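Just so it is clear, A, B, C, D, E and F label the chains in written order, and each chain counts residues from 1 on its own.
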């Protein structure tokens, strides 16, 4: 069933990536038309699909892909740590292009793939709720924090609704001890995106993208109005993961902060 | 089993209404004597029942129905928006009569059917806990906020315990998209009333009357001491409700605030 | 200088009372026209004054006094504990009449003389800020809490701005030990009313009406945007007051709660 | 499977007590070596067990039992109200000896059996989270609050990690109405201790030791990072307990505060 | 003028110490009788003075000094870091003796000289209000935290009121850069003690003993009901202090935490 | 007197701007060497001055100006709303260059001229403290929010301390009604910068740059440890400003939000 009568055409950026490709299938019935975009080659495979290729760093291309769109799932951009120049082009300029083009095209809502690395420098023993301000752990995380700020700005100034998904570790299975806390199944990601589209009102909202794990660090209770109720849990894999031995140990900063193995990249802080 | 050895006789006001009539049956074993009151005709049907008819606006009648009572389930009064004169008589003067008569009769505890319309003007994206002060959406909601204030006053000044139930949408089934958040089953209402009676101490407490719905707006965690654990969920009806299409859409204020279709009644605010 | 270009005609209710009469003089230049209302006789004494007599319990009279008014200083009604019938007529029905007539007349802002007795049942050792919900100490305090609820309702539903002044002890001098905390000078009351009129925006705001006393219980910091800065202090009178001996002593409830000598009126709570 | 590669030898104090004896069996595989200590006689029964007898009040004995230890489960000391001299020797001096010897021996983590009686004087209607500061109900509870303070001090000053378990009512079954809220099954205690050992980082953390009871007073959500998920519930025994009639009734202070029957011991407060 | 009609005889412990000796003079008129106690020799010098010598570690002596006393200023005990045995005897057992003897003698209020070293391990950049739980920096600070816990226990269980003064740096002048934040003048100490005695109700309250310094770390606003308004400021000495050069520099832990030079004593924490 | 022995050479960026030029004089004695940088021409005028010209968008130039620097006052960049390309170059890339060059050069502390426009979209009736996350009102404000995020990142990851000054309206005099709340005198700016340099520890701190105005919206109390105590007040100019008539009126968004006349620039939000 279509998620929301107000959204006839939904654009998915990064549609050739792991998560984008999954959502393309899982949300096939979410709207009359799914428009797919990526810098990598893509082809429409079904009647409800459209393709609009292009670089996020190219504003004209982004404007073109936004024509006639009602809602955006913005999953494009660089998904890990990279050089400042690359991050700047794809994630900072790219996300600005998305929202500015969305404003010009009259888009009503943007679902943004933010990341737990936007809050990666919080200590592991501190539970975070959805009001926790960013503390990025990398330039990548910094660019996600900037995207969340764009979401806030375009909502406050121009009324474009947004949900920023601080996605944990979205993989087929949890792969190390940290992911017993941070794992999100693909199916739960799709459930969350559906609810972000279904809700009649979302204003500008942050939500953690995480399954119903037993060893959780993040608290979504303030955004229960979204109705997101994860159905999978990393705990199912706990024995296997613990037997596999993937485990960060203090004083490795990967063990001390939310961001895990992104934290030690270039880490130089003392004290 | 009787709920509480301290409560031998319990008065139910509004006992001929939908909720009152349900509770009359569901709580048949809750105390040695159930006294039933309404402005509409009622007859005792069982050995443990007593009837005390009367208008809430008539203090002498209220005083009479309170004789020998230990605890009150105050479900009487006007259950929807109405004229100021009617609301004033039945809900404002009426509730004052209930508490003042309760004080004179030595009643120990009042369970009050307040309403989500006492907090109906909060934005839909804001989760509310049991400390949220009233923001009524109608004159009806205003009278419920006044009832909660009476509960506070008679507890602080005279020690009468109270639980104010901010009841959501108590119907056989959820009927529109909003009720996926606000629905309360009859069975959960009875569970909640039982726990309000069983608890050895309640002081003056607010609790949301709502089932275990997935798309919840209200947070009862601060009053977990009551032990209320709902067992039903509106999500069971989600497909049916969504297929039925009952859905408020922005900028209709019914979509933007907790109170739903009560909000647009006479709404004139701009900005 | 006129306080606010948007307010050409200001209505003062209770203009024959102590505070009303003071404000009539102190705010003589606050607007082009001051309209004065009371149930007691009043006469215009200056070109900028108009008189509109009438009972607050009489809706037609209230509607008449509201014609052409831009802002209201609502200081009318019963100023102390009284019977339920009197409180109901003057303060509950009366205040409803004020706001409903204001809505019909297009009034933009209401400054409401609430009272510390709306929060009189908080323990004396608890500091209150402007978000503290009411805990009235008397039927009088209960009616002031109802007035604050009306203010909220008419702002949320109809956009009428309001400032609720929780006035402490407004007398020429502090008269007992408690007033070293709760005293408000007449001059500070006038300063506060001016700022409530001057501010371009007030939404629906609660502020404590109190001077800059050393032994303060109330915290106005959240409403600093009003710019109210009291210039008087009860501490100037501390020696005199302490020599005079007016002092509540535990376990007298007058010593234990914010509301002072209003608390013991009819107090029956045990434990 | 061993809980944590960093903990090869774990010391259990109070190993001859009810909880200590249970943990000795339940955690048999938690580390390569379990060293057992008590003032009462004990004998090693398995290859992985060591015995180190001694009084907690004797520092030399405590220093000896700490040699080569990586982590401590400190369940020794007096488990109920007693004279000041006894409490001082076993619980205040004794706990100091534990932490000071741990510091000298290079112990990395201490799991401390604190108690709900450290917070027993909070009102029963107030939900507590893990930041609630102590309000002890007895000299026993006071000594547990002191133990929590030692944990904080040795973490802040010397980096010894700690988890303070505010254990509710750890018995084979709940035995009265209050235990419907406070009960902890033996199995859940073992689950909790395992998670306290497994976690790579715990800093200095307080957690309530309680099962997943329906009528709960305590909120562990801030320490979800521990991954403790109780699997038992007192509600299973609710009918039996309520039929048995064990129930405190106001104004008995045992009914009014978290600490239950410890509260009336010597209670003399009025008001 | 006598501070409080309820307190005819006030006991000062530690009356031969720096602060005790100052208060003996400054509060000479605070009650009809000042009873002075210390382990060091003392003699009465005025008609309103009594002397009761004795060790705090000797319960019989403490019981004797408490006879007929209405309120206590407990300034006795060891005022700096010392061995565990000395701290245990004078500050832990000693303070227990004070409160237990006070309970037996019917004392109504205890003013306790706690210390900033009870909260010395908070980071210097974190402002603390009066709800901040202890984080002691030394065994001395730990004993002060224990005294605060005794105050809470004897208030909750036996109704003895208490004010715990977390005294900063009480010297004739600030002597280093840290004291620009933490200094308390002798005169402000006396002002604070007067207000603690004058207040009709204090329940169990924590207050920081500090002057009106510009570079403040501590926030007394929640206890404004005491009416403490310091009149001195360390800023007056800022040039002199800064020219003198007394300044802790990171990474010295004395620069990083509230407790200053007490923090490095025995500090071994890494990370 | 030099502010801080740890800072021998301080770099001021934007030293040819209004605020930079003022600080160049006002802080002449703050360190042994002041290095001045701007894209506009500058010349050293005193023995303690050095000049290092260059564009912020040119990383090599920024790296050169950072050699040998201990602390930075980063006042460079575009000071008002501009095109995305200009903001991106000077404020986003420029600020990244500052922090990255600072990291490479071993700079210890950065004082960053953020702006109230980073929080300009908060409603005018909401008081903000220093934990309020950004809600920018313009692309300019968005770039300042990004600068604050850089400060957080480089502190968390690399230990570079930072103070972000959310400067209000820094002009010789307040010029309109809004500036009665937001004005900062030049002298107070210099006082604030001095304290940011003097403090032995600042971690990563936000502070509002504002004088001691009566009609204040911003609350610096959480950072009192800085010791900033403004000495000027806009209220001195209140009569003059109000007579001049500069006043935003609802529903102009300039009247409704903190950001004033920046808010209406391109504002298109409805509802």
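One rule holds in what follows: contacts are C-beta pairs under 8 Å (C-beta built on N, C-alpha and C of every residue); 3 or more make two chains touch, one makes a residue touch a chain.
These numbers were taken from a predicted model, which means no experiment stands behind them.
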item: Relative orientation of copies chain C and chain F, as a Cα rotation angle in degrees, nearest 5; value: 120
item: Homomeric contact chain C-chain E: same or different residue positions, threshold half; value: different
item: Pair joined by more contacting C-beta pairs (A-D or B-C); value: B-C
item: Distance between chain centroids, defined by C-alpha means - chain A, chain B (Å); value: 41
item: Whole-Å separation of chain centres (CA-atom averages), chain B against chain F; value: 53
item: Centre-of-Cα separation between chain F and chain A, whole angstrom; value: 32
item: Where chain E touches two or more other chains at once, by residue number; value: 250, 256, 270-271
item: Contacting residues of chain D [partner chain E, same complex]; value: 84, 88, 92-93, 96, 100, 103, 121, 133-137, 141-142, 145-146, 149-150, 152-153, 156-159, 263, 266-271
item: Chain F-facing residues of chain E, complex; value: 123-125, 127, 177, 180-181, 214-217, 219, 235, 239, 242-243, 247-250, 255-256
item: Footprint of chain E on chain F - complex, ascending; value: 1, 5-6, 200-203, 205, 221-227, 229
